[in-house]
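You will see chain A twice below: alongside chain B first, and alongside chain C after that.
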Partner chain A sequence: MKRGGFFGQYQYTGSILHRIDPRIKILSIFYLIIFLFFIKSIIGYLLVFAFALSLIAVSKVRLLSAFRSLRPILFLLLFTVFFQLLFTPGRILFRFYFLKVTEEGVNLAIYISLRLMLLSFFTFLLTATTSNIEIADGFQKLMAPLRVFRFPADNVALMISISIQFVPILFDEADRIMKAQISRGAEFNRGGIIKRARSFLPIVLPLLLNAFNRADQLAIAMESRGFVVGGKRTSYKLMRIGKRDVCFIISITIASILILFGERFL
Partner chain B sequence: MLEIRNVNVVYDPNTIFRKEALTNVSLQISSGESIAIIGKIGSGKSTLIQLFNGLVKPDEGEVLLDGVDINTKNVSRKEIIRKVGIVFQYPEEQFFAETVFEEVAFGPRNLDFSQKEIKECVYDALRVMGFDPPSIIHRTPFSLSGGEKRRVAIASVIAMRPEILILDEPTAGMDYAGKTSVISHIREGRTGGLTTAFVTHDMEEAFYLANRIIALDSGFIVFDGSPEEFFSNRNLISQIGLEAPFVLRFREKLLDCLGEIPFSKNLETLVDLIGAMIGH
Partner chain C sequence: MFEVTKYSTTNLRKTIFAGILAALSFILMRFTEFPIFPSVSFLTTDLGDIPFLYGAIYLGPWYAVGIVFVKNLLFFLSGGSPGGIIGLIANFIALSTFGIVVGFITLKRKNLKNVILGLVSGAIAFALVMIPTNLWAVPLYLPGITREELITYLYTVNLPFNLLKGAIDTGITLAVYLSLRKHNPMK
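For the complex of A and B:
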């Protein structure tokens, strides 16, 4: 029996990608996501796609789980494709009553769906190869320089880290409440939209109440162990950028340059 | 009535989180029984009770309710839920309704009971759990005391008129008064003919409330029999990390110095019997 999991789910395989500094991984994924917007042709997208697949292969995580990570954005993907296909002006390919499909619409639909898919693949790579705590620590370190501008980097990082650590707890709690309400005959997939939305009230309301209670208890527990807002903090785990990380940055940079060249000359 | 045949449950197979929650588990629950399901944390107790109404599906084996496998497609989910009521741990954390009436009526309403039946079920369930319905149905469930909340939560499952009532640690996290009240009302429900099975870490509760004990260890059933038989097996008790109830430990200590001791579940009766034996 499969237990319901949190999106992206960390899969430990011990690959080289798992051992790369989380800060480097976060920045690289951001870089790759921005890089996607510079790609202008199908060839370019296919090259990025091949690059993403090779990264997945290096990470040794299951390829199928990468495609499964598309499931949450499937509706968004279809919605975008539908609108781009039908409402982009240009050279008409065919007409169905008042609906027109244009050549530009088809191109745009392909580009945008490929971009969304790749975006999901890259974020999947980050969450599959980096544990929640590593991601939180990485963000904390990346935000540290912002302290110069009086930005409460530590507090924001702490909030992110607590939120991330709360997600699986809340998922478990939602699962527990859902099972309890199902045991009282609740059904969540019956009736129209309003009825369905209302049927989630017995889950959402207790979940929110419990989350507030937990947050309250956590705040008291932290204060009772000497937590002070704005206090100076040290890390138990020190992050150091090593040869492996530098090699990773260089490979990402070379790959992106090659993709841009490939897009121009292929 | 309820039968589990050679059930295996494995969580997250083919991953590093793989866990064999239950292995080759078989048992039968007959009408009128009161069963305590005991074992360490992670021994498979919660998985076992979730099998009873189909919330957890077995990877192998069958769960039969009145002879019908509940995990086959043509079985009505509502019928299973109605027959097997489960009260989860900390059930008061699942409250959402504005009034006690609405909270308790949630189950019967989902099972499409008529308005008249809903009112009857709510009133009956609240009475079983020791409330005077007219004085409580208009209150918000969030304003009740800990013990009252727990009893209302149990009533919200009893209101569905289940044939078997399953409770997952019904007295967890409660004070003495709340605990006693919940136990006495479950016992009253039982005298009304309700079949109950409950998960517990409290051996006193298991000893006094159950007429059968099922002990689990690492997903295996290691004992299935009477409380007296279970608690007389010192090796098994220590193997699964438990402790016998006070009255039995007290008897055992005396047994070491006096040789022969009469048996009674009740402490006062035991003291009287020993008194008579030693001539007081």
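For the complex of A and C:
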């Protein structure tokens, strides 16, 4: 895996979707994901599919990369399609030895694969049009009102930004330690389950010990610059809800109403 | 070489340590994947939960929940979650339970007895919570499945598998705890 390929979904095209407030984007994607579960027919899903494709077109990201984002769920997708095709009782379309494919099975398989694909497409739309920093900032701002309930929003926000920064660093470190242990004769793909699990200890222990020291050094460095968790902070980029964001909310609302009507009457 | 020095305030250091542990969980899932039974190659597990359980012991239950949340957020951002967003939510519920149980049992004293007790009961709680979680999550992906089929699957395949996964996590976390006992990061 390439370095920096961890969060490699983001593609900057400068489209209108990229410039929408990250908070609005996060909330609307979550809204769309929940909305997806209220749709009960294939026609409804096809309408949502058309809507998702039009959003991808507006965002100008490559269509191929949207389909590539399905790769991690490919196993799940194939498994569910296979399961629904073969194990749904109903009117038999054709049989192949002991396997029988029913009409209901075909319908359910199409229905569920559309649902899974759309779930992935919507999360892809968020991560392709919003950089990690924007998403982290967006979550931070969305969590801020929860402070009223004594929810440690500042701690969680700090954890999010620290972890995003540390992923590439720790990746290099894990890689280096693994190679160092291999050069000393460590083997990772041998033996039974306990032996295999234990063989990873020489990687996990140094990583954890380094994590203490890094945490302490970073904490000292931040405190010496006057950082206090939960202190009043200003940010370089201000988030403001503008006309564009309002238009986006309105169009998503109209689209979801239209989809519900289309499902009812088509 | 590994002198652990502490000069910073606890709140900031704990938060940063938790953030690093979340990143470490994410990284280890990719580095340490191995099959549970060498003959069945697709049924794999990994050591991604070890940093999180270590954090649950030393940072307490609420930091553990925070670590699981951030780890799942990293998966969401990377787009690499094999179970989609529903899988992430199910993982968050189950691992939070694990972490809360471990964190509360080891909150007062972090001696060997409490750590073993916490990890074992946490692993059992984790496997048990997976049942109602799957009862909710699986029909979202497999609407054709009947409730009886699902319950049979949960008790015959899912529960033993999750207990085994919990046992592996418990064993390795215990080994890590014993090796690093002298360096309590939060003393």
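Structural remarks
By our rule, the second predicted complex is superposed on the first by the 170 of 266 C-alpha atoms of A that agree within 3 Å, B and C clash if a C-alpha of one lies under 4 Å from a C-alpha of the other, contacts with A are read in each partner's own complex, and residues count from 1 in each chain.
By definition in this document, contacts are C-beta pairs under 8 Å (C-beta built on N, C-alpha and C of every residue); 3 or more make two chains touch, one makes a residue touch a chain.
Please read all numbers here as calculations on a predicted model, not as lab measurements.
By the touch criterion defined above, A:187 lies against chain B but remains apart from chain C after alignment on the C-alpha atoms of chain A.
In the superposed pair of complexes, A:81 makes contact with neither chain B nor chain C. In the superposition on chain A, contact of A:24 is made with neither chain B nor chain C.
After overlaying the two complexes on the shared chain, residue contacts for A:176 are found with chain B alone; chain C is out of touch. In the superposition on chain A, contact of A:205 is made with both chain B and chain C. Judged by the touch definition given at the top, the superposed model places A:125 against neither chain B nor chain C.
Of the two partner chains placed around the shared chain by superposition, chain B is the only one that A:12 touches, whereas chain C remains out of contact. Touch counts on chain A: comparing chain C and chain B, the chain ahead is C.
In the three-chain superposition model, chain A touches both chain B and chain C at residues 1, 201, 205, 209.
The residues of chain C lying in touch with chain A in their complex are 2, 4-9, 11-13, 15-24, 26-28, 30-32, 34, 36-38, 42, 47, 50-51, 54, 62, 66-67, 69-71, 73-74, 76-86, 140-145, 168, 171-172, 175-176, 179-180, 183, 185. Those residues of chain A that touch chain B in the complex are listed here as 1-3, 11-12, 176-177, 179-187, 201-202, 205-206, 209-210.
Those residues of chain B lying in contact with chain A across their complex are 9-13, 15-17, 21, 50, 53, 55-59, 78, 81-82, 85-86, 88-89, 91, 93-96, 106-107, 109-111, 156-157, 160. By the touch criterion given at the top, residues 1, 6-9, 33, 37, 69, 72-73, 75-76, 80, 83-84, 87-88, 104-105, 108, 111-112, 115-116, 119-120, 123-124, 127, 132, 135, 139, 152, 155-156, 158-164, 166-167, 170-171, 174-175, 178, 188-189, 192-194, 196-198, 200-201, 203-205, 207-209, 211-216, 218-220, 222-223, 227-229 of chain A touch chain C in their complex.
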